[in-house]
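What follows is a short report on a single structure.
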Amino acid sequence: MTDSFLDIRGLKIGATVYPPGEKPKDIEIVHGVDIKLEKGKVLGLIGESGAGKSTIGLASMGYGRGGVRITGGEVFLNGRDILKIGAKGLRGLRGKEVTYVSQSAAASFNPAKRLMEQIVESALEHGVHSRADAEARAVKHFRDLGLPDPENFGKRYPHQVSGGQLQRAMTAMALCPEPDLIVFDEPTTALDVTTQIDVLAAIKEAIRKTGVAAIYVTHDLAVVAQVSDDIMVLRHGKMVERDTAETIITNPSQDYTRALVSVKSSEHPEKAPVGEPVLQCKNITASYGGDVKVLKNVSMDLYPGQTLAVVGESGSGKSTTARVITGLLPPIEGEILFDGRVLPPALAQRSRDDLRELQMIYQMADVAMNPRQTIGTIIGRPLEFYFGIKGAEKRKKTIKLLDKIELGESFIDRYPAELSGGQKQRVCIARSLAAKPKLIICDEVTSALDPLVAEGILKLLLDLQAEENVAYLFITHDLATVKSIADSIAVMYQGKLQRYGTKTEVLTPPFDDYTDLLLSSVPEMKIGWLEHVLATRKMESAGN
Amino acid sequence: MSPLITLVAQRIALGLLLLLAVSVLIFAGTELLPGDVAASILGQSATPEALANMRRDMGLDEPAVSRYFSWLFSAIQGDLGTALTSGQEISSQIASRLGNTLFLAFWAAVIAVPLAVFLGLLAVRYEGRWPDKAISAVTLASISLPEFFIGYLLIYFVAVKLGWFPSVATIYPSMSLGEKLHAIGLPVAVLVMVVLAHMMRMTRAAILNVMQSAYIETAELKGLNQFKIIWRHAFPNAIAPVVNVVMLNLAYLIVGVVVVEVIFVYPGMGQYLVDHVSKRDVPVVQACGLIFAAVYIGLNLIADVVSIATNPRLRHPK
Amino acid sequence: MRIPTGALIGLIFTSSFFLMAIFAPLIAPYGMAEVVGGVWEPMSSKHWLGTDNIGRDLLSRMIFGGQVTIFIATAATILSFVTGSVLGFTAAVIGGWVDQALSRFVDLVMAIPTLILALVILSVMPISILMLIMVMGFLDATRVFRLSRAVAVDINVMDYVEAAKLRGEGRIWIIFREILPNALSPLIAELGLRFIFMVLFLSTLSFLGLGIQPPSADWGGMVKENKEGIVFGIGAALIPAAAIAILAISVNLVADWVLSRTTSLKGGRG
């Protein structure tokens, strides 16, 4: 009890929301949470969006972002309640006793100042070190965090270094004044998976060396399991459970935690290809103008009723592949065969049937639907446009489609803004099904969704595939998703097809270096996974 | 450094190109539109012979392209032609008037710019509270008020009823600076009021935009006080947008000058232009139009160059 | 729907001004150019606002002048909006050289202050009501063009527009069913601001003697007619000037309210 230097009791946090066309109203987003943390320990805070995890993290610095404010409870840090020490007291504590690492280091560094100046700023402000001392420490942290050319790294400006490096620089900034506690707020979420693993390892090592305590906020249980001593699961602003990382992963006591633990482990049995391919890409090379080719000689086939997953990191060319297939970006070389016939390269030259049989679902469902159209209009339009179905008949078919995506008739007159993220994505699925397509391109369709919601969408897609015999070209960066939906896999890297074949072929060793790196970088729900991977992998990540 | 210089050079070249295009537009606007200068000067009762003579005298029977180039080359050398109505050199007439106009605009800017930036900062500091609300209410009113309303209101109360300033702003070269400033007190006040609100509101928006950046939150979480946050982290990033706002409003000021000069019978470019528009004295109108446009383009150019020069991405390329 | 006080006042004043303009001949006690008394008579029960510089009833002239001001400003706003938004949407949706040509031309026109360019044009063109509407409308269309193009470009890159293109929808559907409904609110708010600008623009031109020509008059022209009285302490010129200000502020209050509703709608969408 006495050795908890951070002791949060009954924390309540409120916010003001501005619903459209209504008066602003106050809501409570965290309903009484208790946290105790001992010196040198790392607590993971995990939950879906809206669980209040970031808000709680910031509350330990007495800070509320935007309209957010702490409405109740006590936050004891090093023996005094920081909610009672006033603005001046808080200034004395922020940047000295507690520091912060944000999700987007790129936005969190001042673009007009050199990195070193910003990194030593809090140490100087609070008189922790002299400038020379602080800079020497910063260089040491740069070295420990694996940053290139540590002596001169601080002379650079934020825009001159990569995203993964900035995230480590921000960690150095948090370490520099030797705080008692660092709040990590999704520090690796915005990074590519092969970069994430290195930053994660650097953060873990830094915590171990300095012995600082940390609150590590993330939505990814597998990530937090690698760095935390304890994990607290949050949902809707309340604690679900708290235990050691080991126990949470292997033997959780709550159903919700069990669902989170098992979410990415579902396996989808691979189907053998039947008949002629519905889609054949032959030696596609594409460019957005200029000499840079974003796709280089890419060929792949997809069979009816099957799923081909196109996997890669940002810049791999996976989304460009979709643009080429849809005709938005005609290729420089190569051709696309659809159902045995050659597709005209540009959208404008394609027949209405070509367009109908090839549908697309987007990552961000809320911008994929016109906010001024009702769900009925959105789903009904393809029926009318492709088949000329109107009036009562259209309504009947629309309701049937709504039933298929498990939403039902009551949604027909609603607007997209009234739906949750998962519901919106379901409507987009219904809209593409309305065209009776042979192929649907799914572009990162589950990436923006919480894991449990994403799992529901994947299950729906698989059910619909079985019913309608539609093929999916499933574009994703997430290998865990691939395992639970794909029949065959194409791994892309720097615009080239790195590895291609049936799921079993692609996921069975021996691997090429990049595929090995990519596969091994996907966090697994296992304690000690991180150390194991770092010890055994063949290739350093490319993002650094 | 080199991409920075290239970009600045490009912007200046673009500005000159734009000015050239503007000269074409102004020339075409006055010479190619269906209206006939000769007819409009001589009136409806003119005989065909008189019209023909007039056209020949004015060189109107030459092709438009050659007239444009001779006009442009003379203008570059500082010869803006002669006024139709008075027969005097336009350049010499404009010189003193341009000086007067710049004098007026300069003092308006000297007062308005610091005041607007200060009040803009004040509005940011007290965002959502009464100083902020008062400022946005004044802005709303001020963008709705015609210059002559403010002008005559001031003349009516300050000049006529109180007698503090003259209602007519007459200045001549022999006046001392103090006398000149007293003479232009009211026109400067009107110009300040006209641009102040806009500038204030836009400064507020520009700074608020910077203050909402994530790096300001970072500074706050380092425990810096409000002053250091603004000075070290907001200010370096706010220079470009604020300069932009100031230049945009100074450009607006030169339009306000036209009306204000007419209200106060001030011997500047604006009144000169308006007089000669009514008299349909095309060479004068062309010359004034070109000069106003050049100032306008120049101010926008300065704003662009400042925002290029303060952009860290361009100053420190990878 | 609750209307805030400011907007309500704005709505009441705006609609009274428009009603006054429509029914001017029925309301005005005297004729527009009718000399009915002495020069600059003070306010009285006979002449509520007094008389003007040559003895015309100021109230009657204000009412007719308001009709002229509001009619021309409305016509020019409509012209500006139709031209600007049609061309702006077209440029955004078609893109390519059409967009380039239109945008560069607009850049060029906007490189000259609007009032200065108007003066240049009016120095050679015959001044008539139609000419004023055309000059004001076309010059101002550049601003509407920029706004509607910017709004449409933003919407045009949304996934739902791409989805419509992939579906095979034609340009008409994309402009009128996908883009326009989402562009409407910012454009409607802008409509009010453009109208105010037109009122001020016309008043300024008339005040400079380059707008409505005597004996007809708008409010700006009336300020010009009566401005000589100011130095004698006669405030007749302030009345039409104040009327311009009140009309502009009223419309502004309404536009501000529409705009704030628009932004809250945008906020609610995310």
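Think of it as A, B and C in the order they're written, each chain with its own count starting at 1.
Quick note on the criterion: contacts are C-beta pairs under 8 Å (C-beta built on N, C-alpha and C of every residue); 3 or more make two chains touch, one makes a residue touch a chain.
Fair warning: this is a prediction, and the values are worked out from it, not measured in the lab.
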item	value
Touch-network distance, subunit A to subunit C, counted in steps	1
Contact pairs, highest-scoring chain pair	B-C
Computed distance of Cα centres, subunit B from subunit A, in Å	50
Centre distance in Å when subunit B and subunit C are each reduced to the mean of their C-alpha atoms	22
Numbers and ranges of subunit B residues touching at least 2 other chains	none
Subunit A partner contacts - residues on subunit B that touch it in the complex	213-215, 217-225, 228, 232-233, 236-237, 310, 312-313, 316, 318
Of subunit C, residues touching subunit A in the complex	1, 158-160, 162-163, 165-169, 177-178, 181-182, 261, 264-265, 267-270
Residues of subunit C that touch subunit B when the two form their complex	107-109, 111-117, 119-126, 196, 200, 203-204, 207-210, 220, 223, 227, 230-233, 235, 237-238, 241-242, 244-245, 248-249, 251-253, 256
Subunit A residues within the subunit C interface of the complex	18-21, 326-328, 347, 350, 352, 355-356, 359-360, 362, 364, 366-373, 381-382, 385, 417, 431, 435
Of subunit A, residues touching subunit B in the complex	61, 63, 65, 90-96, 99-100, 102, 104, 107-113, 118, 121-122, 125-126, 157, 159-160
